[in-house]
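Across the two complexes that follow, chain A remains constant while its partner is chain B and subsequently chain C.
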Partner chain A sequence: MASATVIEISGLSKTYGSGSRQTAALRNLNLSVQQGEIFGYLGPNGAGKTTTIRMLLDLIRPSNGSASIFGMDIRDHSVEIHRRVGFLPGELSLWEGRTGQQIIHYVASVRGDTKGITKQADEFAKRLQLDTSKRVRDLSSGNKRKLGLVLAMMHSPDLLILDEPTNGLDPLVQQTFHEMMDEFRDKGKTVFLSSHILSEVQAICDRAGILRDGDLKAVESIEKLMNVEFHWVDVQFRDAVPEGLARQLQGSSEISDVDINGSRVKMRLTGDFDPLLRMLSDGYVKDLRVEEPTLEDIFLAYYSDGREAR
Partner chain B sequence: MIGSVFLETYKQTWKQMVYWGVGLAAMALLVVLMVPLFDMQDVKDLLETFPPIILAMVGIGKELEIFATNEGFVAMGFFGKSALIFAVYPVVMGMRITANEEDAGTMDVLLSLPVQRARVIVEKFLAYSVSIVGVVVLIYLGMQMGVLIAGIDLDVARLAEVTFYLIPLMVFIMAVTMLIAVIVRRRSVALGIVTAFVIASYMLQTIGAVAEGTAAEPIGSISFLTYYNAGDILAQGFIWPHIAGFVVVSAVLLLASLYQYERRDIAV
Partner chain C sequence: MSGIVFANTLRTSWKQVLYWGLGLGVLGFYIGFIASSSDIIQGYADLLASMPPALLQAFGASSVEVLRSSEGWIVSVFVSEAAIFLSVFAVMAGMNITANDEQSGVMDVVMSLPISRSSYLLERWIGYAAIGLGILLVCAAITLFSLVLFGVDAQMDLVFISILNLYPGTLLVMTVTGLLALIARRRALAIGLSAVFVVVSYVFNLIGGAASGAMADLMQGLSFFSYTKGEQIVLGNYDPANALLLLLVVLAGFALSVRMFVSRDIGV
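Moving on to the complex of A and B:
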């Protein structure tokens, strides 16, 4: 059964200022996110991730283009959409003088179901080990983040929009968060998650979009992104590096980023291993390690001008 | 749920309402307690020695007889130019409707919920209007307490009119602040403009009062403070056209804020 499109973005752009001071925060974004997937929206600070999210939530208005969530236009049906969406901002600000419990009650009352939602909130808070009786001003940044997650998830939304969700969370809570995301996906729900932490996207997302300077550079499944044809090769010789090996390595079109340190050589290999093994045969290889490229390597490859990951 | 933003706003505000109300009530109490210490005829004689410009600056017109009564003394001492003090509370509340929440970033959380921008503004506006009523009621209670303690003869009904006349005035100031904050977005800029507006209104009213009978007199009518004159209220009671004016203009300002807020980006 084909899954339904939850987020559909068409030619979305956002510019700020006017005349010579005009700057584009996002250019001609086209993207769709399907039901039941966790979509990672990757990019460094200032790439346009938060701008996209704030437009999806109708907090700021597009300069051009359109977007729909659950088949409804983000501007015309924002209230209906927000009923089914949970949101965690990147820089979470809450009412400082109120306790977690009071804020949960407030948000639940605006959502129109105080009893059911607060019960679910209590369960999430317990799971995240969050004390909701404290005032927001007395919470650490990590605990504020936990409260933000509770507020985003407590009404069982069909779509979660999370901006840098694990910022400030300790590793144990991050693990719990990953489990919660898996459970969320298992229920057929959708997550749109922005992050600059590649390992996080790699660990929990099904697909990722890579954003740079307001342009979407690529959208691929995590599996496919990981399946690029290069490896990191780390060779440890018993004796010194064989004479002439450095020249041979640097002369090869399939080898790059060569780093020789004593009797150790590190390099990036694109293509087959055989030519490299022949070059290494002049020395006694004590140890040889091959590492898959991380998403960070792929990310950097996309970002390096004139050289894109294959 | 309808009313949830109103309720939460009120919960977040009631303490400030009490602090402001008790503070202003203490001022009112003090002024009432001072009444037995003065011979009102002496006060009138003293006032007659002042040049009109000085009297205009403290909100006293040429009808000095009114101010030679106990009610007039209280009106002059408390309600005269302390209208500027009464402007502070509604400015603070007006900033809270959108500017403070946008500045703090909490507006993003609120508007990501299933609630229209217009509903947020209307419910907050109503909640802060109720808090203004609360402050004014506390002022009135302070005054009443003073009357009881001092055991003086005071036309309480007339003073009630002067006091409760503050409500439309303060709601108007809050509405002006809200609209400016909605238009300029930035809290600090909005605060600067509102302060300039209140001070300019005070200056225009003073010029209009001093220039009474000259071609410059109509300048005073530009100022909203001209429509809150304790002496006039003591003499005439509620001046309904002025009250209606404050209410209508406040409603127009609210509608303009709703229109503008619906169109623009939420600031961060």
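Moving on to the complex of A and C:
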């Protein structure tokens, strides 16, 4: 059975300012996210991730284009959509003078089910090791983040929209968060997660979109992104690097980023191994290591002008 | 409209009723104490009688005779001062409706909840309007208590109505501030503009009251202070249309605020 589309974005653009001071924060974004997937939205600061999220939540209005969540237009049905969405902002601000419990109770009452939601919130708080009896002003930034996560998840939303969710969380809590995301997915719920932490996206997301300067550069499954056709090759010779090897490597169209250090050669290889192995045969290869590119390598490749990963 | 935002507004801001109500009440208490001395009232009236009529008008009274009665003196002196203090509260309340939460970023969390922008604005506005009313009631209660305590021979109902008559003006300043905050987007600018609105209104009322002629009338007409004069209540020539007019402006301002808040970006 085909899964339903939860988020459908069509030609979404956002421009700030006017006249000569006009800046495009997002350009002609087309994207869809399916039910039950964890979608990673990658990009450095200022790429347009938060702008996209704020438009999806109807906090800011698109300059062009449209988007729907659960088949409902984000502007016309924002209240119905918000009922089924949990949101964690990138820069979370809460009422400083109020305790976590008070805020949970308030948000739960706006959501219309105080008893059930607060019970769920208590469970999440326990798992994240959060003391909800403290006032927000007394919480560390990591604990504020945990409270934000509890607020976003406590009503079991069908869609979670999380902007840099693990910012400031310690590694143990990050692990708990990853487990929670897996549980969400297992329940058929959807997560739209923006991050600049590539390892996190690699660890928990099914698909990722890479955003650069307001343009969506690529959308791929994590599996496919990891399967790009290049490898890092690290060759250790027993003796000196054979004469003429450097010239041969640099002359090859499939080899780049050659780094020779003593008897060691590192390079980036695109394509088959055979031509390289033939070049190396003039020397005695003591050790040869081949590394799969990390998502960060792929990410950097997308961001390097004129050298996009395939 | 669920009333949850309204209830939360009251829960988080009810102390303002206490602080402002007590603050103004202490002033009313003090005025009540002074009003217990007819010598002081008559002396004050005599002093003003020796001044040009224009200056008397500027002090908020159209005739010395009003000042010679206890309720006239209380209303002219206390209520006109209270109106200025309440304007300060109203500016703060107007900023609290949306601007402060928007500036701090809390609005992002609130507006991601299942509540429409118009409902949110309405509930916040009603919440602060209720707090304003609470302040006036606490202030009136303390003032009337002082009149009883010090045995002031004054018409209590007129004093009470005169204090309540400050409500439309308070709502107006609150609504104008809320609207300016939505338009200006910057907190400091909105506060500055609201302060200008209040000060200019006050100066227009002062100069318009002291001078005569078409220009002076226009200045008074443009000042919201001139629509809330308690002296008219004491004299028995109060026109309820004044309060109604202010409330109509409040309604128009609120409708414009809703339109602004619904159509604009939040937190930009």
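Please note the rule applied: the second predicted complex is superposed on the first by the 310 of 310 C-alpha atoms of A that agree within 3 Å, B and C clash if a C-alpha of one lies under 4 Å from a C-alpha of the other, contacts with A are read in each partner's own complex, and residues count from 1 in each chain.
Keep in mind that, in the parts below, a contact is a pair of C-beta atoms (placed from the backbone, for glycine too) under 8 Å apart; a residue touches a chain by one contact, two chains touch by 3 or more.
Only a predicted model underlies this, so the values are computations on that prediction, with no experimental measurement involved.
S.K.: Quick check on the superposition: with chain A as the shared anchor, is it clash or fit for chain B versus chain C?
M.R.: clash
S.K.: Examine A:94 and indicate which partner it touches, taking first as chain B and second as chain C; both and neither are also allowed.
M.R.: So A:94 meets both chain B and chain C here.
S.K.: On the A-aligned overlay, A:276 touches which partner chain: chain B = first, chain C = second, or both, or neither?
M.R.: Neither chain B nor chain C is touched by A:276.
S.K.: By the touch definition at the top of the document, which applies to A:31: first (chain B), second (chain C), both, or neither?
M.R.: Neither: A:31 stays clear of chain B and chain C.
S.K.: Considering each complex separately, which residues of chain A are in contact with chain B in the first and with chain C in the second?
M.R.: Looking at chain A, the two contact sets intersect at 54, 57-61, 78-80, 82-83, 85, 87, 89, 91-95, 97-98, 106-107, 109-112, 151.
S.K.: So in the complex, the part of chain C that touches chain A is made up of which residues?
M.R.: Residue list for chain C touching chain A: 2, 4-5, 8, 12, 104-106, 108-109, 111-116, 263-268.
S.K.: Show which residues of chain A lie in contact with chain C when the two form their complex.
M.R.: 16, 54, 57-61, 78-80, 82-83, 85, 87, 89, 91-95, 97-98, 106-107, 109-112, 148, 151
S.K.: Which residues, counting only chain B, touch chain A once they are in their complex?
M.R.: 1, 4-5, 7-8, 11-12, 104-106, 108-116, 264-266, 268
S.K.: Which residues, counting only chain A, touch chain B once they are in their complex?
M.R.: Interface residues on the chain A side: 54, 57-61, 78-80, 82-83, 85, 87, 89, 91-98, 102, 106-107, 109-112, 114, 151.
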